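The following pair of complexes shares a single chain, subunit A, combined with subunit B in the former and subunit C in the latter.
So, the complex of A and B:
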């Protein structure tokens, strides 16, 4: 069980490298296709305004100690006022963005396109890997693993005595899927559309972003206390001037 | 705002290009990145690149950006024919472009046909209500025509949507100061300090406005902001030093009967006076007697 299996170099030549090359090529193809199919989204005035409000409120929170307390309090009330404060979002409105996104045909099309462009190549490649490259040990992971990973990493291999470090090509596929992101940002420039992992994370928390941002800022602002830093500056100025004179 | 290192880099490139060395294209790119306004240089060097077909072809797709940059610079220097030619070339290449439409409207504005320009801008804004540059051009036009109240109105509306744009806040503050609406100007400067607390310029301007407003509380706050300016500039800002002296003497005049916190104020004032004298001795020694008499009169009246 603890003996070292010698893996044929042919595996490396004919499995690992072609798989990586194919994935890179598919990624590049997807990038160009998405560039062609990309419809420019005109941002809504309301969304832009909300974004700017959040930035301004954050500035207020960060720089609160630099303005007089009266000014700070006036602004705080302006933002957090229960009735017409800028950051206040009544509970009913919070649902809107998500509903709007599903009913607005443009946005729905965009989402569908993005999802499709991600799901289809992944599914196809996965099926291809499974069909052609299953049933043998493809690589050895350099660190030891527990038995739990056996079902995940050794799917085609039906021997239960093989060390878990020996994995099938399916796991090499997944490794490439997550690992090639950095490679793509090198060859395709910064804003490539191949960030699968990011997109998958985004799919989970969709639609609530604008209103959540506002209420989060409001909560933060409510907590902020005003501790005017300016009086200390007088002493610091004195110290500076003394240094200049001496 | 341009940092010191960027400014020195720009100036060295400018010297190099002016004296016949190469690097005009890098110079123009740097100006575009830093958004500095040096229209005569841009016009001269940009035209020299554009009129030379060999250099023009090496630019490739960047040629059109250069046309745009030269057109704006030409309008700034009132060389309207140059600007018209550049815009014609751009229009031929990009017939449906909003960006070229914006340039054409700017040309109308530069010529002085205000109503036509106004109409052009409004129609452009209908298509694209989120174009910040067009909003700002409308404000600039109102200001150029002398309609300051209209300019204020447009600027306020712009800031309702784009409230994180600190350049706009700065412009609004300067307009208010020019109209002597100091309370509103103070509000704008507070916004600026909030967004960029380490820029001494805003502290200084805020302190000036507060000092102008007058009143005990404002004077005390103004003194604190002059002190913060001194701290942020390392004691080199002459205006802040003068501000401290003036504030302290004004405060002592106001609080004559009360005798509250005399001690710390006078230390700061005497220190500021000493630094001022040292500075004047170094830089303008013939003005030193005037300075000493002025400072003495301040301390005497307090």
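So, the complex of A and C:
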């Protein structure tokens, strides 16, 4: 029963396009505001040191096959030694970075600012959409959905016989919210694209990273086997030289 | 497309000899992944607009999206000279990376173009 509703052109002019334009503009605005408000925080020396130790251990793991086995073992013991190895963190101390991070006023302020700058525009826009654009059919999505989605997509429209493909403007808002992420990454360039849903997922595991990173790196290093590549280097050199000559 | 001109040419990782020594230059790898992501997003947007204008509905549209992603993968593999192992560390990356993000953009622009052209 796909009766084709004929929708007013005014809806297209005054609902669809303005809503998309507003969301794009708000995204760009948020990007610039976040760049302006980005207070440069002096990083904590302890955390930076731990980060660098993890990086060194990782480099050792990656390049393990290029150094002689005795050298590798010496380095491995230096990192993983139970008493004074760099990567060994007794259980009690591991909690410190997280507690420090929350008690440090600067960092807490920064996290709060980032959270707010994400939530407020979304809330405002949503309220605006609900206030102005409710109670009529806004768009037709090109693919059919089941009846269960009706309450989610058509919440302003109280007729139950209208096809589920005809959605209200609230669902157009959500569609824009998700679909414009890729668009933002194109026009705003690189990682600074407003990828708020990803950042919200990152917020959960933020404070706990340093202590877990150390022990994870230690475990990884413990299980690395040493397989010295030097004996086979001659074959590699031969292959490369062949390619160069031919 | 300017994105493609500097694409896989800068993705050097040391090629593996007969003994499978694999080392990766992380920065180049990241650059390559970014290029895949951009290509996918751009093509999903264009593909969404095309699908909307042509009036695809329902399943046809999704099949079109899958075709588009396959075409993207093919193009990327061809640009990498069919030796993806020198530019990426696994097959899955070049085939499946920006899939879901591209899907959302595709659906948005598909809905947009379809409505503008066919309903109003």
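The criterion applied here is as follows: the second predicted complex is superposed on the first by the 203 of 246 C-alpha atoms of A that agree within 3 Å, B and C clash if a C-alpha of one lies under 4 Å from a C-alpha of the other, contacts with A are read in each partner's own complex, and residues count from 1 in each chain.
Just so we're on the same page, a contact is a pair of C-beta atoms (placed from the backbone, for glycine too) under 8 Å apart; a residue touches a chain by one contact, two chains touch by 3 or more.
Predicted model, so just to flag it, every value in this text is computed and none were measured.
Novice: Applying the touch criterion given at the start, work out whether A:16 contacts subunit B, subunit C, both or neither, answering first, second, both or neither.
Specialist: second
Novice: Classify the contacts of A:144 with the two partner chains as first (subunit B alone), second (subunit C alone), both, or neither.
Specialist: second
Novice: A:7 in the overlay: touching subunit B, subunit C, both, or neither? Say first, second, both or neither.
Specialist: Touch partner of A:7: subunit C, not subunit B.
Novice: Have a look at where A:181 lands relative to subunit B and subunit C in the superposition and call it first, second, both or neither.
Specialist: The second partner, subunit C, only.
Novice: Identify the partner contact of A:236: answer first if only subunit B is touched, second if only subunit C is, both if each is, neither if none is.
Specialist: both
Novice: Counting only touches as set out at the top, which of subunit B and subunit C does A:67 meet: first, second, both, neither?
Specialist: The first partner, subunit B, only.
Novice: Per the contact definition in the header, classify A:244: touching subunit B only (first), subunit C only (second), both, or neither.
Specialist: The first partner, subunit B, only.
Novice: Of the partners subunit B and subunit C, which touch A:53 in the superposed model: first, second, both, neither?
Specialist: first
Novice: Share the list of subunit A residues that count as touching for subunit B in one structure and for subunit C in the other.
Specialist: The overlap between the subunit B and subunit C interfaces on subunit A comprises residues 62-63, 236, 240.
Novice: Of all residues in subunit A, which touch subunit C in the complex?
Specialist: Counting only subunit A, the residues touching subunit C are 4-9, 11-12, 16, 20, 62-63, 65, 139-144, 172, 175-176, 178-183, 185-186, 190, 229, 232, 235-236, 239-240.
Novice: Quick one: in the complex, what on subunit B touches subunit A?
Specialist: So the residues of subunit B in touch with subunit A come to 128-130, 160-165, 187, 190-191, 193-195, 197, 221, 223-228, 230-231, 234-235, 244, 264, 267-268, 271-272, 274-275, 278.
Novice: Going by the contact rule at the top, pick out the subunit A residues touching subunit B in the complex.
Specialist: Residues in contact with subunit B: 42-43, 45, 48-49, 52-53, 55-56, 59-60, 62-64, 66-68, 71, 230-231, 233-234, 236-238, 240-245.
Novice: Contact residues on subunit C for subunit A in the complex?
Specialist: For subunit C paired with subunit A, touching residues are 17-19, 21, 23, 34, 37-38, 41-42, 44-45, 51-52, 56-59, 61-62, 98, 101-102, 104-112, 114-116, 119-120.
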